[in-house]
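Following are the structures in question.
Here come two complexes built around chain A, the first alongside chain B, the second alongside chain C.
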Partner chain A sequence: MQMQAHVNVDDSATRAGPEVMSPEPGGGARLARVRKLLLSPDLALPLLVLLLFVATALLEPSFLRISNLQNILRQMSVLTVLASAAAITIISGGLDLSIGAVAALSGVVAATVMVDHGVLLGVLAGLACGAVVGVVNGGLVARFDVSPFIVTLGMLSVASGTALTVTGGLPVYGLPTSFTNPLGYQKILGVPISFVLAFITLLLVAALLAYTRFGKYLYALGGNRTATTYAGVPVRRYITAAYVASGTLAGLAGLLLTGRVAAAQPTAGTGLELQAIAAVIIGGIALTGGSGRARHAFYGVALLTLLSNSMNLLSVSSNAQLLVTGLTVIVAVVADRIRRK
Partner chain B sequence: MNGQGSGPAPQVIAALRGVHKRFGNTVALRAVDLELRAGEVHVLLGENGAGKSTLGKVLAGIQAPDRGTVELDQQAVAGHSPGHARQARIEVVHQETTVVPQMTVVDNVTLGSEEAFTRLGILDRRGMRAATIELLAKVAPGIDPDVRVEQLTGSQRHLVAVAKALFRKPRVLIFDEATAALNKQERSLLFDVIRRARDEGVAVLYITHHLDEVSRVGDLVTVMRDGAVVAECSADVPEDQLVEHIVGRRVSVGRQPVEFGSVTGAPLLELRDVCVPGALRDVSFEALSGEILGVYGVGQCGVNELAEVLAGALRPDSGEVFVQGRVRSRAGVSAALKNGVAFLPGERGRAGIVPTLSIQDNISLSNLHRLTRWGWLRPKVTGGYAEREATRMRVRGGSLRSGITTLSGGNQQKALLARALGCRTPVLVLKDPTVGVDVGSRAEIYDALRENVRQGMSVVFLTADLAELLVLADRAVVLYRGTLAATFSGTALNEENVLEAALSATATLDDEATS
Partner chain C sequence: MMHTSRPHRLRRAVTFMAGLLMAATAVSACSGSSAGTTDSSPAASGNAAVELNGLLPRLTAEKKYQIGYTLPQFRDPFWVSVAYGIEDEAKKAGLEVVSSNEAGSYADLGKQLSQVDDMTQRGLDAILVAPVDRVGIAPALDNAQRAGIKVIGAGNLASTGAMSAGVTFSHIEAGHRMADAIGKHLNGKGKVVMLNGPNGADWAILRDRGFKEELAANYPGIEIVEQAWLNPDRAAGQTTMEDWLQKRGDSIDAVFSAVSLTAEGAVLALRNAGRAGKVFVATSSLSSAAKDMIAAGEIQFCYAEPGQLVGRLAVQYAIRAIEGKEMAGAKAAEGDEKYPEKVLYVELPPITPETVGKFDPMILDWAPKGFSPA
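And now, the complex of A and B:
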């Protein structure tokens, strides 16, 4: 039925078009435009999220309870920050697999410092820890031209190992309530504070990408690193900066993670990097770099979190949930590929 | 003439009859006839883009001719393919070496010939190794047969590729620019190998642009120009006659000769004894304010490496680069740009445009640090800047906000030139500035360069296009195998002189004309 409609559009375009010579390109272009619009992340994803929202609400009314909605937002907060981090490196044509592990390490470092020296120093230590790891990642990738995949995969292990070693594998407890209360359950106008913080971070990253020179250089690097180098952009500096930004954001995610559960677990970040990267890809940011916006990462986070929440409410087993998440990623990548053709 | 002397006329093993081949708008081969006879070394000579390599590829079945036939053993072959070529035992040694770095010398040499050494599905590795060693002793003595190829030098790898071709007992052997990677000693060794193969009855096609190699290795020489065969003669004709054939009676293109004495500006860019291992040896020259300096070379003459050095992307092993009298100490393109040298790379698609960015962003990319405040973009400022630069360069296309790939090749190149000129540096270096650029845009690019030079800029362009060199350059530097072979200006800057220097390096350094 839909196919039929397309054909009709084609026909009228050909007849109406002044150039009878080439019906093929005109009709093809029209068709491509329709397809592009339908697959555009700014239309398709919000629609999909809405659809999922309505469907779950119809199937399971308890979904609409305020407490559940607040829970969803709280669940989204850590992933939102990590997905922003992933978006930065992916847009620059790189990849940072260490963000989950760095979040855990930063959480451990922040908690340890916080217990003895107060909240402010703890928070700064956590962010600094992420930034330092970012410097190492970025320095290695930029200076020695090694594959970011390998470097950050190694760093994933290094960060996990460090977190486990420092804590002896045990969670760090005894955090000040002035840290855990706001991040754990307090709200502003009914919205969890952790989500407010995450959303502000997302807006900042969006501004960084869209309105700054740094952002423009990241897109240029992801689009064509060789050309960007020859254009005289200090490429190494900006690649390093991308990983520092990614690491620092991972540190922030670690703080949110620690505050939410009121303890720093050395293994808390396991698998988060994959969820964040999946969210970025689902959102329509190309893994090849050079395109995509921060809001796209947010669409992906919303979709993944909502999907997981609704499956929980509908008592889908966690094993099956894993399967669904995987399929979502694959479908998203294929859709992305088709859209870019 | 062909070293065989008496006996029956040598048999034609492979031949091309009336072969045409075009790539897009470029005609690579037009009505080419060629015969390769057993026991004869046939040299194919011509400058860049004359169609030599295409001809070799047609013979090897890699490229199908648009018209005309390929004959093997006096039989026309329908649908000639690499498979046919193998059956007819036509082997090619390419310009770029085709060996597998992770495999040993023995495995490389015998690669593809395993069938002859297989009994009941089992490889006779010992026999393969013995046969390889026997062959290597002739072709490349001193290469360990069991070492992995990645541990060999470039020229040794090339000799392994030669051994690989010989191992298959070819009847036709094609060498495509085979000596580019070899030193003097290795070259004479290769010539010995070629002569021995010829004496064993192999038909050899030797593709080169080095004049001096013609008489050293060849029996016959065919000269190509612009895709056509222009002469076929004995290999012992004098070199100057060959140069005439290569150049032809092509009319000199409308160059605008500068009145001598107008180029009296200060040197803005100076190279002193620049060396890059394997590419450049003691290259020194200066580029003056108010002149366009062309750099020309054929084949692996070091032009690519020189461009990288000038751009700042490659740090010379020794020697110095001075910009406006100050030595350049830091490496990197961005440092060079700060230092006063803007660079427009060749290979627009790979190294020039950022395909994901808009025309406007591509133009402003090099100058973004001046267009932003505290790191924040100012869309109006950037847009206005891109608009001005695009208008100045007459970039024609849709909105400046649309993607750069929506522009034609010529307009893309103009946008990239706008990017480089927008930096307002004293020196501009361009590599192959008009490859894939239409005639109209080409003229606009040349005009823009001349205009900037009038205002005191120094433009250096490196090109493989002789016509471009002659049209655009006030002065030209010619490279030959990594050294500076000659400098020409005024009336001495003509096709004959440049080609002679680029092909045989017989010209001397002080060949400057004073008119």
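And now, the complex of A and C:
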């Protein structure tokens, strides 16, 4: 392929003179455009997901059963919300490593409140907990201009330590069934409720990023913070707001997780932040910020969840599963670099 | 205009949420303390024969010896209950616990090494250790031994003669027992799936080995159709079991789950598939949710891991080591290990739907609510 491209370019150069004179783009440019289109996250990823889908269905017929598809959607819901959270901070040029631990902390706080004071107060407490952590994260990053990597890494530890202290290391059980049943197994028109909630959240985040001033400023911030500052945008406020949104969404993810497993485990979120960030990057949102859409995060989530489900169905060993997931992330990042060149 | 109004709204929203959180924390703090006071303390009602399960007579120390301990991590309820056993037994047997430590994670051998070194410097009479790494901890323990300090294993053991004795469970035996329970229930024929512990942890590997050994030896008609190595986590157990149920449906007859958290997740998946109670679930270490599931007949077998008892017996062994008395009940170390030379393997009758009503975890197993080590 590479050789072919070179020959084409040489040919067109000798026949039609300098490239600038030619009204038609050269073969190399056309090829580059094809390559770009093929690597574009809006085509390549849905195709990849589809390919995985068809391949698994051929290898393992039980994959296509309605109950398994419902299963996959249910398994996607927590990661969908967490990936939306990760997308917001990454697009703004930041990073929030605390989302997994915050999800666990919010779950624990929500469960503890819920057991004694009802579902509504519990849910509010869980969301508020996430938001408050977001305020602290955002405030520190924006005000003192410190690396979000370090701040949120510290917060990961703080949140996880708090969750363990509050619970004494024990999971919180005995949640009301009016909370655990809908999130655990109930469905609307055959679609698991937890996924419906997660998908609505994703749509809201997509709209927030694409159509609001908040969204536009986040892209501007991620693209070039200095220029955005000179343009008169109150940069610190918007950075803080990005982390508040991320924290609140992490809180929501914690609620979904708690409802699904009918218990709040203080260690539940371990590693989830990395999965969410991996999903975002696989989906084609640049880690450097300023680009990508919420739907891209969703492609990544779909690919990772589908991959895990099909490897379980095909009896791939746990060690090999880790390997495959890791390779997927690496390939995705390399593809992203090639596309942006 | 927009610029001035938006941040204001934002700030108001933030203030509101902060207020909510404070209210929530206050509420949860109140409920926590009230729950603590209603809990009865097992220490007050316990007597030596019950608390030590008749395995050893309770010795009272001749002098007020000073001891210290280091355990892997207090985020794990099991180690909290071992810590409680140590502290409460020390109180009752007339010893003083002067140093309580956790390594903080299984990955932090360095921290545990320095904790042992510090306790050696302080010249304690005995150190109780549950190493995060049974080989890596050896140099620090050898130093302690050279300083004349007795080293006793509590829950996990070390591969060095410096650890003269230890108290733990046999993980191989746990695997055997779960295999026996499944084999008998299925009359030697059927399909079983395995939810193992984390790959690399020696207890997870030994349980896996014990389970497979026993099936191969006595129940060749039982086939292991799926296996996954998972962190002890409800969601992991649930997701994996859901996928297996999709693939194999009603053909799964039994589940081996190395610890109860993954078993709880598996039971949730079985419930959603309408199979809970029909599939035989065997696991180990009793959590409060697992206890309820056993009572409901959704988990049929649980190998007991009484943390509190292990802590108490380790203190009793420490007294015997210091005073040069005989270690009753000790055997050689299991597996291919040479050390410690004297190990007390604790085994309680399994917890099943028939026996769960009679088993009081507060006496031998769990730490009382509100106890926090150190």
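Quick note on the criterion: the second predicted complex is superposed on the first by the 313 of 341 C-alpha atoms of A that agree within 3 Å, B and C clash if a C-alpha of one lies under 4 Å from a C-alpha of the other, contacts with A are read in each partner's own complex, and residues count from 1 in each chain.
The rule is simple: a contact is a pair of C-beta atoms (placed from the backbone, for glycine too) under 8 Å apart; a residue touches a chain by one contact, two chains touch by 3 or more.
Because the structure is predicted, anything quoted here is derived from the model rather than measured.
Peer 1: Aligned on chain A, chain B and chain C: do they clash or fit?
Peer 2: fit
Peer 1: Figure out whether A:267 sits in contact with chain B (first) or chain C (second), or with both, or with neither.
Peer 2: A:267 sits against chain C, while chain B stays out of touch.
Peer 1: By the touch definition at the top of the document, which applies to A:176: first (chain B), second (chain C), both, or neither?
Peer 2: So A:176 meets neither chain B nor chain C here.
Peer 1: Regarding the shared-chain residue A:217, is it in contact with chain B (first), chain C (second), both, or neither?
Peer 2: first
Peer 1: Calculate the angle at chain A, using C-alpha centres, between the directions toward chain B and chain C; round to the nearest 10 degrees.
Peer 2: The vertex angle at chain A equals 120 degrees.
Peer 1: Which of the two partners, first being chain B and second being chain C, lies in contact with A:326: first, second, both, or neither?
Peer 2: The answer is neither, since A:326 touches no partner chain.
Peer 1: Who touches more of chain A, chain B or chain C?
Peer 2: Between chain B and chain C, the winner on chain A residue contacts is C.
Peer 1: Contact-wise, after the overlay, does A:129 reach chain B, chain C, both or neither (first, second, both, neither)?
Peer 2: second
Peer 1: In the superposed arrangement, which partner chain does A:118 touch: chain B (first), chain C (second), both, or neither?
Peer 2: Neither chain B nor chain C is touched by A:118.
Peer 1: Would you check which partner chain A:229 touches, where first means chain B only, second means chain C only, and both and neither mean what they say?
Peer 2: First partner only.
Peer 1: Just checking: does A:315 make contact with chain B only, chain C only, both, or neither of them? Give me first, second, both or neither.
Peer 2: In the superposition, A:315 touches chain C alone.
Peer 1: Once superposed, minimum distance in angstrom between C-alpha atoms of chain B and those of chain C?
Peer 2: 5
Peer 1: With the touch criterion stated at the top, can you tell me which chain A residues are shared between the chain B interface and the chain C interface?
Peer 2: 213, 234
Peer 1: Any idea which chain C residues touch chain A in the complex?
Peer 2: 2-3, 6-7, 10, 14, 17-18, 20-21, 23-25, 27-28, 31-32, 74-77, 80, 199, 226-231, 233-235, 238-240, 242-244, 246-249, 261, 264-265, 268, 272-273, 287-289, 292, 369-372
Peer 1: Chain B touches which residues of chain A in the complex?
Peer 2: Its residues touching chain B are 211-217, 219-220, 222-224, 226-235, 290-291.
Peer 1: Okay, in this complex, where on chain A does chain C touch?
Peer 2: Touch residues, chain A against chain C: 60, 62-63, 65, 67-68, 71, 74-75, 109, 112-113, 115-117, 121, 124-125, 127-129, 131-132, 135, 164, 166, 168-171, 173, 184-185, 213, 234, 237, 241, 244, 257, 260-263, 265-268, 270, 308-309, 312-313, 315, 317-319.
Peer 1: Flag every residue of chain B that touches chain A in the complex, lowest number first.
Peer 2: 311, 313, 332-334, 336-338, 342-343, 345, 350-357, 361, 365-366, 368-369, 372, 375-377, 419, 423
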